[in-house]
Each structure stands twice: as C-alpha cells, then as structure tokens.
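Both complexes shown next keep chain A, but they swap its partner, so chain B is in the first and chain C is in the second.
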Partner chain A sequence: MSRTNVILLAVLLTAACALPFIVSNYRTFQFTLVLVYAIALLGLNILTGYNGQISLGHGAFYALGAYCAAILMDKMGAPYWVTIPAAGAVCLVAGFLFGLPALRLEGLYLALATFALGVATPQLLKYHHLEKWTGGVQGIVIAKPEAPFGLPVNADQWLYFFTLAVTLGMFLLAWNLLRGRIGRALMAIRDHHLAAESMGVHNALYKSLAFGVSALYTGVAGALGAIAVQFVAPDSFNIFLSIMLLVGIVVGGLASISGALYGALFIQFVPNIADEISKAAPWAIFGIFMIGFVYLMPTGVAGAVRLLLARRRSHEI
Partner chain B sequence: MAGAVASQPLLRVQDVAVRFGGIVALDGVSFDVMPGHIVGLIGPNGAGKTTLFNCVSRLYECERGDIGFDGSSLLAVPRHRIAALGIGRTFQNLALFRTMSVLDNVMVGRHCRTSGGFFANALRLPFAIRSDREAREYAHALLTLLGLESVAATRVSELPFGTQKRVELARALASQPKLLLLDEPASGLNHEEVGKLGALIRGLREKLRLTVLLVEHHMNLVMSISDWVVALNFGRRIAQGASAEVREHPELVKAYLGTA
Partner chain C sequence: MDALLFQVLAGLATGGIYASLALALVMIYQATHLVNFAQGEMAMFTTYLAWSLISAGMPYWAAFVITIALGFALGALIERIVIRPVENAPVLAVVVVFIALLVILNSIAGWIYTYTIKAFPSPFPKEPLFGIRYMSAHELGAIGITLVVLTTLYLFFRYTPLGLAMRAVAQNPQSSRLVGIRVGWMLALGWGLAAAVGAVAGMMVAPIVYLDPNMMGGILLYAFAAALLGGIDSPMGAVIGGFTVGVLENLLGAFVIGNELKLTVALVLIVGVLLVRPSGFFGSVHVSRV
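Take a look at the complex of A and B:
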C-alpha cells in the first residue's frame, strides 16, 4: 500500500469511529446498514466483478443469512454474535452447492438462473411447512443487543461498532484473498477461462468456491442486517434487493474492494435523497442519479477515485 | 545437446483422430517428439495443426488413438492437470488475461507450481506468502530474460501485438514446462522480429532444457530451427524428417503449391 492510501485509510477509520458520537441514533443506524451493504456488495463483487459470474439473485443469500440469525436468536436463544459465523457457514455451503450446477451456465444464462433463485426466495420463506421456523408472512421480531461490559454506548452505537469490526475483518480477508494467488486465478478465469485452465487453474472448483465465498459474505451481511433492523420478513428480501446489490457493485466499481463501500453509500442514501427531492416519483430521480453516476464514472466511483489519486501523484512528481 | 537425446520420446502421438460433426480434422496422425528437440509442425491452413495442439492440451477429445507424455497417456488427465505435468503452451490468437498486468499474467502461469488455497490466502498463512513471493521472483526473472521487465506493471491490453506474444511466451514458461507448445509464434511479427524469435527459441531450449513443438507458417523460421519437421495436410501426416528432407518432399510441395 502506498503512503497516501495508508493516510486515507487512517483518516477514514478515525472518522468512522467518531461518527456515532456526532450524528443522531437514527443516522447511526443508517450507517450501520451502509456497513452491512458494503459486506454484501464485497461478496457479490468477488463473484461478479472478480470472477465474472453474474448473479441477479444474491438477495437469496442475504435472506438466508438474515433468517439464520433470526431463527438462532429467537427460536434457539443463541447470542447475536454467534449468528454471524453460523450464517456465514450456512451460506458458504448453500452458495457452493448452487455454484455447482451454475458451472454449466454462462453470462446471461447464469443471470437467468440466479434471477430464478432471487424471485423464488420470498415465496419459499412463506412456505407453510416451514412456518414453525420462519414465522411465515409475519416474519420474526428479534431483540436489539445491548452493549456488553457496561460500555458507555447505547444499543445503536454498540451495534454500529460491532458491525464496523466485522466489516473491517471481512474486508481484510477479502483483500488478502484477492491480491494473491487465488485472486489472480479468479480474474484469469474471468478474462479467459480456457487459458486459465491451461495454466493449471481448476476452473470448476474455483468458480464454485467463488460462489460459496460470495454467498458467505452476503449471508454475514444478511445476519448483521437482520440484527440491525430487528426484524425479518419474506417481503424484505424480494428481487429488488438482488437488483440493488448489482446496482451497488456497478456504481461503486466492479472488481474493486473499496468500490463496495461507495456502492453501499449509494444504495443506502440515494433512494432517501431521491425521496426528498420528489415524493411523487422518487425512483425516476433515483434513475437519473444512477445514469449520472455511470455516465460520469464509467469505471465506478472506485475507478474515478483511483484516476484522481493517480493524477495527483503525477502532479507531485 | 546431441548427448542429451534419450531413446524414449517425450511426446508420442499415436493414430490420433478428431472429428467435428462430419468434418475430419485429424485422421490417424502419428509422430514422436524426442526430448531436447525442436519439432516443427507444418501444413496448409486447415491441416489440423492447432487441432492437434488442442488435443495435447486436452481442450479437444480424441475420437481414436492415444497421446503419451513422459511414458503415460494424457487422455485420462483433466485439462487443469496438464500444466503441472510439464506441458506449457501459447495460443494462435493470443489468449492473455487482458485486464491484468504483465506480471500478474506471468504469475498465473506459475499457478500450478505454487500452493495455497482460499483459506490459506485469506489468512495469509506463512506458506502462502512464501509461495506468492517465490512466484513473483520467478516471474520477474522470466520478464528480465524476455526483456519485458519495463512493462511488468502495464495492463496487457495496452501493449503492442509483438510484446503481447512475448508475454504469452513468458506465461507459458512460468510453469517450468518440459514440453513447450508454440502455436504460430511468428504470426503478426515483422521480418526483424522473426529473425530474433528463432534465436530466442533456440536460446530458451538450451537455457531451460526445453523440448519444443511449434506450429508455424513461416517456413524459413521452421526450417532453420527445427531438428525434425512433421507435415500435415487434410488431417493426415504427409511427410516427416529432418528439415532439409521435408522441404523437398513432393507431397509437401504439392500441398503448398497445388499439383504442377
């Protein structure tokens, strides 16, 4: 990492830690959701941005993670922090298994298969034989965790810091994964799958594992999101969520780790801004924002930032 | 290098046949590649040269026959295990990882010689870091050898065609192959570059103790560097021998010039 990047990261971290003491509890909650989305987007970006497998159904893994957390807490009395690795593990397996048949599909055909997963999810969650666990249409209400060890922060602030810590951990792991041997192999598959295989990359295994890891990230995000919102219900996880995640990685920047954070800010705040601008047609305003972003920053916000930093550096020299 | 020639062929192609629908691409082709040799595979367009390459790298299935490498059959080996066995290749129409840097392309070429899976890399376990560092050093050494060090960090798609071809060569060498398959290494290169390429291939053969099988249309290049030449036409072998013999072979003259 360059010196500029280290300084930027330190400033960002300080700001992130100070944030819940400056803004209202509601804003703190919103920023918790930004972190949650950032983890989900990072997961989708590993699959779509880095490995070239498009998914229009990642909302399904988000939902699976969320329900894991809700069921573990509400039906089994598990502490909230246990649900994070549990949701991750369940989604890793689910993602890997979904990735196996998906190997036969590419491009738009894979998009359709994942779309099927995305549209089916809310209805599967309402399935009446599962109602005992899922709560059916009613969903599950869960309690907000209080800060432990008598820390002088309220529940919203605590959850923000907890989510921040998980986010940092997940970003670090992804950064490690993607800058080394595995990251190169994933990108090689995306750029030229036959050549990658001729170089000794086990495409089928790596693509399935990429699906699993991607689902793991999105599932962890789902669990954190459920705890933050204190509620899960089938219709919170409709196809719109899956599409929004895709919007997030494209606006934030494909195949970029920091892009996940920019994308998360976009999908959390731009709908609110659009709503303030026009109560009558907020999605039209949202659409204008979206087109504006991709028009002005064709490689995503992360690409634009990278370009800006590179330009600044060349001025210094 | 004459002393290094062993009696067992490194690659043994036996009666290989491939059919695409009704079209016979290869029809019972047999030949051997001796270790340490540079073997040229020639023939007009559509003769089946690239098809044969794709059989050796397991991109195509053979309908009949067998391909032996280092004494055992390749036909039961999955595609992604070929590089680890010691077969490296380049592609006719460049198959680089276009969005990646030159260095990263070459490091992917070293994939089969490095270790560390998803878990080890995510946690940056010491052996994964070591393996990565070793791959980086090896790749840099190859870039230096091929005069690519100055473009190591450049995205491959930004480079001129001739340079990209050299990157592909570096990527193929990164797995430390015993057998190097070069598919038209001279295509798209200018006269001067072709001259250098011949010397480069010979030099690499000595330095890295390679065996080379190359498909090439550039007759002067093939004839000047090959120890053995195999000529194909319409999926059949029409001639083989030392370059001087094959050059005069009536079947080959007919294949290239038509019946006089």
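Take a look at the complex of A and C:
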C-alpha cells in the first residue's frame, strides 16, 4: 500500500465512524445496509469478478444467511453476534456443495443454473414442511439488538458500528486472500483455465472453494441484513435481489475490492432517488446503467477511479 | 385414471407454450450461441401490446397478427441496437446485457401498465370443442396454434431461400458471408422470428396465468429446462422437451410433490440435465480442441 492510500483509508474510516453522529437514525440504517451490500458484493465479486464463474443466484445464499440468523435468534434465542459466524459457516458449506456440480458448467450454463436457483429461492423458502422453521409466507420478525456495556449510542448506531467492524474484518480477509497465491490462482483460472491447470493450480478445488467463500461472504451479509431490517420473508429474496447484486458488481467494478463499496452505495441510494419518478423507474435505471457500464466502462467505477489516480500521478511526475 | 389423463392433457397444453418459448431460445442459441435471458420478458411485453390493441377495440385475430409483427420488429431492433455491440464480448458482458434487457422490459411494462394483474381474453369459446371433456377449448386451441407455428417455422427453414440462408449463417457465418449472405441481417431476422414466436407463446399463456409484468419468470425457467432437455441446439428437441416438461410438471405437481415446489422441479431438471447429459436428448455433442 502506498502512503496516499493509507491516508485515504484513514480519512475514510474516520468519516465512517463519525457518520452516525451526524446524520439521522434512518440514514444511519441506510448506511448499515450499504455496508451489508458491500460484503455481499465482495462475495459475488470473488466468484464472478476474480474467478470468472457467473452467478445469477447469489440472492439464494443471501437468503440462506438471513434465515440462519432469523431462525437462530427467533427459535433458539441465540444472541445476534453468534448468528454471523453461524450463517457464514452454513453458507460456506452450502456454497461449496453447489460449487461441486457447478464445476462441470461453464460460462453461460452456469449462469442458467444459478438463474434457476435464484428464481426458485422464494418458493423453496415457502415450502410448507419447512414452515415450522421459516414461518412460511409470513416470515420471521426479529428484535433489534441494543448497545451492550451501556455504551451511549442507540440501537441504530450500535448496529452500524457492529456492521462496520464486521465489514472491515471481511474486507481485510478478502484483501489478504486475493493479493496472495490464492488470489492469483483464482484469476489464472478465470483468464485461462487450461494454462492454470498445467501450472499446477488445482482447478476443481479452487473453483469450488471460491464458490464456498463467496457464499460465506454473501451469507454473512444476509445475516447482518436480516438483523438490520429485523424481518425476513420469502418474497424479499426473489430473483431481483440476485440481479441487484449483479448490478452492484458491474457498476462498482469487476475484480476490485473497493468496487464493492461503490456498487453498494449505488444499489442502496439510486433506487431511493429514482423511486420519486415511478415505482418501476429504479429497475429501468439499473438496466440502463448495466448496459452503459458494459459498453463504456467495463471496469466500473473502481476502474475509473484507478484511471484518474494514475493520471494525476503521471502529471505530478 | 381419469385424473391422470386429465393431468397429462393439461400438461400438453402448457407444454405447447413451453415448447414455443424453448424454440425461441433455441433459435437464438443456434444463430449466436447465446442464451437469451430476456426471452420471457420480450414475450410478456408483446403480450401487453396485444392487450392494448384489444382494449382499444380491435378484433382478437387482427390484434394477434399485428402483435406478431410488432414482436418481430422489437426482436430485430433489440438485436441491431443492443446485442450487436457485445457480439464478440466475453460471456459475462453478454449475460449482463441480457439481464439488463430483462429488467428494463419488466420495469417499462410495470411503468406503463402498472403491476395490477389483468385478464387477457382467449380467442376460443368457453364450451369445450368437439365435446372433448378433458380439455378446455383454450387448451386445445393453444396446442393447435403451437403446432401451426412449429409447422410454419419448419416449412420456412426447410423450403425457402431465406430459411436456407439463415441456417447457413447459424452453421458457418464466415462461409455464408463469402457466398454473399448478409450475416448481420440474418441474425436480426433470427431474433425477430424468435421474438414473434415468443409473442405467440405469451398470448397463449396469458389467459391461463393472467397478465402481469412478472408472469414469465416461471415460464422462462420451464422453457430453459425444455430447451436443455431436448438439446439446446436442436429445434425438434426443444419442442419435444417442451411437451415433456409440461406433462412432467403437471404429473409431479398433482401426484408427487404438490404445487408448492414446481419451480424447484425446473431447477432440479436444469441442473440435472446439465450434469448428466449436457447435450440433452437430441442435441449434438460438442467437442472442443484444446
């Protein structure tokens, strides 16, 4: 990391910590969701951006994480912070298992299979034999955690800080994971799987692991999202959630860690602005942005920022 | 026994609709080796256009023909404007563009026509045709129309010079260009035809599932399953796959797992076919050189 980057990061962190004391509780809640989406997008980016496996069904893992958290809290009385690693572990296993058959599917076909998973998710959650756990169509309402140790912050602010801490941890993990041997292996598989294989990269292992880790991230995000929204219901995890995550990584920037943050800001705040035009407008705008970014800015916002910084640096020299 | 027969025949009726949409998918796959995720939404959108025409007082069959023409134009236009620039792009870019099309069409329909569910008229009488008590007139009519569409397409591809040119482009674009076929326009034509077939499927399914912007989600999934089951590059296979999936869906729904998990059946079918026999029943086995 260069010195400018460290300074930038410090400024960003300070701003993130000061934020809930400046804006209203509702805005704090919205920024909590931004962090949640950022974790989910990072997860999808590990799979799609870094490893080149297209997933149109990551909403399913988000839902799995959310339901894990809700069931643990509501039915078993677990404290909220326990649900995060639990949801992550469950999703890691689920993602790894889904990744095994996905090994045989390439490009378009994987997109198709995961699309089917995304479409089928709400129906699976409504399944009446699972109703005892999932609450069926009604879903599950969960209580918002209060700040511990008598800290002088309200519930919204506390949850924001909790999510911020988890987000920082997850980003640090991903950064360490992706800049080393494993990250290079993932990208090598994406760029030329045969060459990677002949260099000694275990394709099958890395690809299913990428699926697992990606699901873990998305599941953790799902659990945090459920706690923030205090409610889970099958119809909030439809195919459009999966598509929204795809929009996020395309706009934020594929194969970029900071891109997850830009993408999360985009999918959280653009619909709010667009909602004022029409209920349908957010999706039309999402669609237009997706096409626009693919045509004009395939590296997303993160790529554009990188380009701008590089240009400034070359001017200074 | 009666119940079984009833379910099979009803399955054939919806199967015909899946077959049409699967055929549309296969046509685009053959021409461009892409799977069109927006096929269902294109069909939905054209069905809304038909609804507008009929609501404006146009007789059903006139609206039917005009809708097919509009669907054709829409498909060709989308190919020329949206798909052309990403023709040689990586798979991810193409998938993103298709998904973008899906949400744009979906939200435009919601914007113009709102999300309230609308009834869509059926051109067929209320009483059963020919005294067949197992099927409603609409189901029978839908099967009939599907078969007419399939025969027309078969005759078009088999016996007209234009059909021949389109098949040539699907098989080998470079050589086709060398013998003077306008490859780009043939692709646009293929998209137009696929969209027109999808429009027919939409108008046939709308009286059953009612008209709303999300009506095609499940149907598209079944069409995917049908196309994969038959072999994604085989038109014949898509049709047979469509009818099979329709019957399978109804039988499993009625006797085995209930209606709650119908979409999961499609999911299992898709993943299962892709794993066990990726070329489907009638598709050609793909061998690539490394």
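General remarks:
Just so it is clear, the second predicted complex is superposed on the first by the 295 of 317 C-alpha atoms of A that agree within 3 Å, B and C clash if a C-alpha of one lies under 4 Å from a C-alpha of the other, contacts with A are read in each partner's own complex, and residues count from 1 in each chain.
Please note the rule applied: a contact is a pair of C-beta atoms (placed from the backbone, for glycine too) under 8 Å apart; a residue touches a chain by one contact, two chains touch by 3 or more.
Keep in mind that this is a model prediction, so the values were computed, not measured.
Which of chain B and chain C touches more residues of chain A: that partner is C. Of the two partner chains, neither chain B nor chain C is touched by A:R312. When the two structures are aligned on the shared chain, A:Y127 is found in touch with chain C, with no touch to chain B. Within the superposed three-chain model, A:L194 lies in touch with chain B and with chain C [touch as defined at top]. In the superposed pair of complexes, A:H202 makes contact with chain B only, with no contact to chain C.
When the two complexes are overlaid on their common chain A, residue A:K279 makes contact with chain C while staying clear of chain B. Applying the stated contact rule after C-alpha superposition, one finds that A:K75 touches neither chain B nor chain C. According to the touch criterion, the shared surface of chain A, contacted by chain B in one complex and chain C in the other, consists of residues 194. Chain B makes touch with chain A in their complex at residues 57, 59, 79-84, 89, 91, 95-100, 104, 107-109, 111-112, 114, 116-118, 121-124, 128, 131-132, 135, 171, 175.
By the touch criterion stated above, chain A contacts chain C in their complex at residues 48, 52, 54, 56, 101, 104-105, 107-109, 111-113, 115-117, 119-120, 123-124, 126-128, 194, 239-240, 243, 246, 250, 254, 278-284, 286-288, 290-291, 294-295, 298.
Chain C meets chain A in the complex at residues 34-35, 37, 82, 85-86, 89, 91-97, 99-104, 106-108, 110-111, 115, 217-218, 221, 224-225, 228, 260-264, 266-267, 270-271, 274-275, 278, 290. Contact residues of chain A toward chain B in the complex are 173-174, 176-177, 180-185, 187-188, 191-192, 194-203, 209, 213, 255.
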